[in-house]
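Provided herewith is a single structure, encoded as structure tokens, for subsequent inquiry.
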Amino acid sequence: MQGQSQQQAYDRGITIFSPDGRLYQVEYAREAVKRGTASIGIRTEEGVVLVVDKRIRSPLMERTSVEKIHKADDHIGIASAGHVADARQLIDFARRQAQVNQLRYEEPIGVETLTKAVTDHIQQYTQVGGARPFGVALIIGGIENGEPRLYETDPSGTPYEWQALAVGADRGDIEDYLEEHYRDDLALNEGVDLALEALASVNDGELTPEGIGLATVSVGDDGFGQLSDDEIEDHLEAAGLLADESDDDPDADDGE
Amino acid sequence: MQGQSQQQAYDRGITIFSPDGRLYQVEYAREAVKRGTASIGIRTEEGVVLVVDKRIRSPLMERTSVEKIHKADDHIGIASAGHVADARQLIDFARRQAQVNQLRYEEPIGVETLTKAVTDHIQQYTQVGGARPFGVALIIGGIENGEPRLYETDPSGTPYEWQALAVGADRGDIEDYLEEHYRDDLALNEGVDLALEALASVNDGELTPEGIGLATVSVGDDGFGQLSDDEIEDHLEAAGLLADESDDDPDADDGE
Amino acid sequence: MQGQSQQQAYDRGITIFSPDGRLYQVEYAREAVKRGTASIGIRTEEGVVLVVDKRIRSPLMERTSVEKIHKADDHIGIASAGHVADARQLIDFARRQAQVNQLRYEEPIGVETLTKAVTDHIQQYTQVGGARPFGVALIIGGIENGEPRLYETDPSGTPYEWQALAVGADRGDIEDYLEEHYRDDLALNEGVDLALEALASVNDGELTPEGIGLATVSVGDDGFGQLSDDEIEDHLEAAGLLADESDDDPDADDGE
Amino acid sequence: MQGQSQQQAYDRGITIFSPDGRLYQVEYAREAVKRGTASIGIRTEEGVVLVVDKRIRSPLMERTSVEKIHKADDHIGIASAGHVADARQLIDFARRQAQVNQLRYEEPIGVETLTKAVTDHIQQYTQVGGARPFGVALIIGGIENGEPRLYETDPSGTPYEWQALAVGADRGDIEDYLEEHYRDDLALNEGVDLALEALASVNDGELTPEGIGLATVSVGDDGFGQLSDDEIEDHLEAAGLLADESDDDPDADDGE
Amino acid sequence: MQGQSQQQAYDRGITIFSPDGRLYQVEYAREAVKRGTASIGIRTEEGVVLVVDKRIRSPLMERTSVEKIHKADDHIGIASAGHVADARQLIDFARRQAQVNQLRYEEPIGVETLTKAVTDHIQQYTQVGGARPFGVALIIGGIENGEPRLYETDPSGTPYEWQALAVGADRGDIEDYLEEHYRDDLALNEGVDLALEALASVNDGELTPEGIGLATVSVGDDGFGQLSDDEIEDHLEAAGLLADESDDDPDADDGE
Amino acid sequence: MQGQSQQQAYDRGITIFSPDGRLYQVEYAREAVKRGTASIGIRTEEGVVLVVDKRIRSPLMERTSVEKIHKADDHIGIASAGHVADARQLIDFARRQAQVNQLRYEEPIGVETLTKAVTDHIQQYTQVGGARPFGVALIIGGIENGEPRLYETDPSGTPYEWQALAVGADRGDIEDYLEEHYRDDLALNEGVDLALEALASVNDGELTPEGIGLATVSVGDDGFGQLSDDEIEDHLEAAGLLADESDDDPDADDGE
Amino acid sequence: MQGQSQQQAYDRGITIFSPDGRLYQVEYAREAVKRGTASIGIRTEEGVVLVVDKRIRSPLMERTSVEKIHKADDHIGIASAGHVADARQLIDFARRQAQVNQLRYEEPIGVETLTKAVTDHIQQYTQVGGARPFGVALIIGGIENGEPRLYETDPSGTPYEWQALAVGADRGDIEDYLEEHYRDDLALNEGVDLALEALASVNDGELTPEGIGLATVSVGDDGFGQLSDDEIEDHLEAAGLLADESDDDPDADDGE
């Protein structure tokens, strides 16, 4: 109890350290990320795969409006987990950065450059007063100099590069699955399958096309592209992951 | 009790997360929405229907001054639920966005574009200090490229697209009704009937023309239009929902 | 007691919601309105009637300086109840709006337009930090396109249109009287009588000319005009409401 | 005790209402006014009389430096009670208003216009955060269109017009005296006598010229003028109010 | 105890009144003045005398660096008591005012004008938030139109004019001595003697030249001038106040 | 316990001293540094060595994205320990300083000049309100006028110059090792070995190339350069520090 | 205990007075000065001597980076005690003042002028909110018009001039030594010896060259200059103060 009340003494101000050097508001923002459904990113030799769990709370809601995958530029896609409205702010920021880079240097922005512009923006909200941190994590995947790159931004403003990762609910279990099955010589289609299998591993082994968003950023000319429900269904069927019927869990929404 | 006092520790600051990653002020703003009478939106093949419950506290109050349906542009209508004065601020914001778009691009603003401009505006009030969140939810319905579109904005600043939805009091019961009876091939008039039936379902099966506001945004040339009391009465009569007499409940006001 | 202490936890910040979605500071501002003496507005076919209770605390005070009726423009009058100094700020704001409208569009400002400009101004003080809400309610009456219009602004910034209403002390009892006796085909003089009767109904059936302010905004050329004590006395006498002598209650002042 | 602790919960913030709609900081500022020695204003047919109690704490202090009567313009005088330094700020504000009016319209500022400019300035300090209210009340007396006018400003920013009034210590008793003896057909000299008698009524019936400040603003060409000690002594002697010797109470100072 | 805790409830905010209309922070700033050693001002027919107690905490400290007497202009001197660093800010402010006056009007600033500029500056720090009041009192003495003038500024921002006064430690006892012995027809040298006697009266009747600062502002051409130790010693000797040896009390410093 | 509660009274505000003259927020920021893995700097006659512990939490994370060594300019490298996102802000600041110096003076920035620009920037965050201190320590190593220089910045904004030092976890033990084994006539390669040995001394005597970052800034033309994994492995093997297999501790991450 | 809790009530706000007129934050900043090792200044006929205790926490730290003596201009040196990073801010401020003076008036800045510019800057941080006071004391020594001058700045912003003084740890004991042995006709070398003896008096009578910083500002052409370790050793040896070996106390650092 002493511990609890001591924690309360340091967790309500956004710009202060606790005696053991922690920033509680940033840690709580990470909890907001965990409240969102999972998003997965996988880097293959041929490109990057982004898969998101987009279960919705009502059959009358348009699935397409649950935006967890965003196109930042022709060669960069972003998947998010956590506070949806916060994610939109960061996506808008990322798009402006990409446009400015194109205008100023007449070349596409690098994935690492874009990621670090976003994380520096996030960091400001953890140090300067007058606003709370962003309650969202992003997976930024794209092609840079012909090479696939896959990054994560977290609420502290730290950038990480990954071969494969998950953010949001069940992150630990999904990453366990990825660590076991990931190979760095995957083809893009194999990466799609691995991402779906990883997501299915925390969903009783079954998925429905309607509950999933899926995009790839390929090394080739295609760049960023989202898969249709039919294409997702084909992948699920081929992988033996297709659920018998759509059974969206009405109790799970998107982390709001 | 411990839980209660712990909640109180995190719910009075607008820009902080609770230890479990929630934003209490945003959740309380959603309570302010629930305190308002219901508003319903339905998307049909021929256009969008907006129906609002506008019970008033005194027979001497002008019903037309209880503004819950607003014209944002020739092709977009907005229904609100919750804090009326807050709604006016967002409606004004939306109208300015629509005008600016028309002036700048010489074409009507898209419904999705408008919705996201509004939700990004709302999000700012949940992250940056010095102001409280907006205590209102909007249903934004309109025509975009000849297609009916129906959106919701909530106090967190998240945009959702719907086939049919309700905001405000009795949201859950009304949405249950809609989920059961909605078809995506409804004619506009059928959409009007469904909206009235859904509202009647939480009002003992009866409605009066005076207690209702009703607007449609049709795919055709008519665009946004509000129905007169007589037209509403015709609909109610045809649907067998017309109350014997006007019995506005004086205890229910508009969420203030 | 628990309830009381819980209320205290949410009522001292101007920009926060309580867990049940209420804005306590706005509700307390409404209490400031109730502390002021009553003001009444009545809309007739021939114009609008404004009657105010202007009891003063000392016979040496100039009654005319207890300003509860204000001319906003040639065709618009405003009666207030509550915090007098706050009312002056809003009246000044309204007059500037009327002048700007006249200069910019070369036509008188609409009553509804003016009311909403005022309520939008009021709303800002309920959402943005650094100031308290306005502790005053206004009755804005005027002529728009030849039609009498009668509006109310409350401390939340919500505009309402009325046929007849009261604000300030005894609002409930006066409105009960108005609901019982109001007809929408009243002549202007009948409206004056009804307003006086309604005010007398909460003053032992008697009024003195000195304790009353009375203005009309007529549809005709006269526009806004205040009645003299003699004219008020004639009305009171004709209505059988004239008190035997001036017995201003020295304990009641104007809500400060 | 509960009541007391409840009051304390609402009286330390300048921009919040208490649950019963009061602004405690404004009420406490009124207490600061009561801590100052009394000032009296009387309106006669021939002009306005201002009399102030200027007892000083030491015989070595220059009485003239206890400034409670100020010339705002040739035709307007101001007497104050309460926090002296605050009074100086408002007097400076009033003088600038008078000068600006003269420059802009080439005519002397109206007494009512000046008063309301001052009260609107005071009101801002009761609504907007970052400063406390003014702890002073002013009596503004002057000639407007050949007519004597007499106004009061209080810490809430409300303007009142009076025939005769007192502010500061013993306000109630002095006003009782004035209500009993005031006539609206007084000559200026009679007004001076009445003011002195009223002040003497709360000082054991005796006054010394040194303990008094006295100014008149006459309808004629003289305008504002302060009386010398000899002139005051003549008045006191004629009125039978002259104390045997100067016995300034060293315990009473000027409200600081 | 209740009283004490009640006082604590109102004394920590700089911009709020207590329920009885007091400004505690200003009163505490007056305590800061009392913590400083005494300063004395005396007005004679021939000029103004300023005497300050400048005991220092170490024999190695340069007495001249304990600045309690300042030259504001050729014809104005200022003595201070209280917080030394605060005094410097006000002295700088006063000097700039004097220079600006000289440049703008090509004549020396009046003593009263200068004093009121300083007190208006001080008042701002008692009303507007974000800073504490000045913890210093000034004695401003000078010649205006050939007449000696002597003013005091206190932490509330109130100006007082005096024939003779003391600020800082032992103010009450010194003023008692001055009230008993002051005559308004003193020669300048007699004023010097009186000031020294008054200071000696609270120092066991003895003073050392080193523990004293002494300046005069004479009506004649000399204007402001500080006396040397030898001149002070002559005065002390002539007045029988010269201590046998320098016995500065090491425990008393200058109010910091 | 008293001590603990007393500490809590002074450690939550960033801009206040405790009664014993400490700045708790700065001390807590130092704790944030200790939560990060160790970084080591060694100055040799031939250049500067920077070695960092970059254990990562998952085998799927790209080691290169755990940025603890940064190139500030051709002749200056920086290693960090503590809050990663904060480090990035300071690194960006340092790079801008280096560029500005090059542009303005057309010569490389001095290591000391750069360090002090960074520490002055850090100090501002410990004195001025509205932001928290930086939770990071930097080791800044480089060549200035042909001489190797090695500096530390800490969260208080104090610059220190070192021959050899460690920051982050196990600082004390590593510095003990360095004090025992450091000689000022080390060759660059010997400095590399010493740094690795020192780091191994707190890691059971074993290191893996993957868990380490290593850079040198040599006096010669090469300037700043990072060693490859193979080069690090060679050093580890030669020093007998090479672990049998990569056994990154999954429980230790980088101080976030 | 009551006293303690009462103190806590007034010591956490930087801009408020306690009931007895003290500024606790300034007093706590003085404690921060006492936490720093001692610095000593001595004024002789031939110049000023600055001696500082620069014990360091590790033999690997470069002694020269413990900057306690700074050159402000060719003719002015500054020694500091307390918070090192704060000292750097004031030194930078002092240097800029010196440069501006040189550019503007084409002559070196006076020592007193410089000191007062610094103290006025310090005072602002004790009165205006939003920042804490500076936790450092400076000894400013230099030549002005051929005369040696020696000043102190303290955290309150008060300037003092001294013949000889100490700041930081053991101030009292060192000043006792100085008071006993200081003569105002010392030669510069004798001043160096006295400063070393005074410092040795609180260090068991022994000093090491490495633990000391020493600078002189001579009246002649040399101006400011720091002594080398060898020169310091010569002085120590001649004075019989040289310790047998360097035994820096590792537990004492520089006041951070």
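First chain written, first letter: the chains are A, B, C, D, E, F and G, and each begins at residue 1.
Going forward, a residue touches a chain if its C-beta (ideal position, glycine included) is under 8 Å from a C-beta of that chain, and two chains touch if they have at least 3 such contacts.
Just so we're on the same page, UniProt names per chain: A, B, C, D, E, F, G = Proteasome subunit alpha.
All values reported here derive from a predicted model rather than from experimental measurement.
Among the remaining chains, not one touches chain C and also chain F. Two copies of one chain, chain A and chain F, touch each other, and the residues they use overlap weakly: the shared fraction of interface numbers falls below half.
Averaged Cα coordinates give chain B a centre that lies 69 Å from the centre of chain G. Centres computed as Cα averages put chain A at a distance of 55 Å from chain G. Rounded to a whole number, the gap between the C-alpha centres of chain A and chain B is 31 angstrom.
Multi-chain contact residues of chain D (touching two or more other chains) are listed as 129-130.
Listed in ring order from chain A, with chain B immediately after it, the chains are A, B, C, D, E, G, F. Touching chain G in their complex are the following residues of chain E: 7-8, 11-12, 14, 24-25, 28-35, 58-62, 64-66, 83-86, 88-89, 92, 125, 129-135, 254, 256. Within the complex formed with chain D, the residues of chain E that make contact are 6, 9-10, 13, 15-23, 116, 119-120, 122-123, 126-130, 151, 154, 156-165, 175, 178-179, 182.
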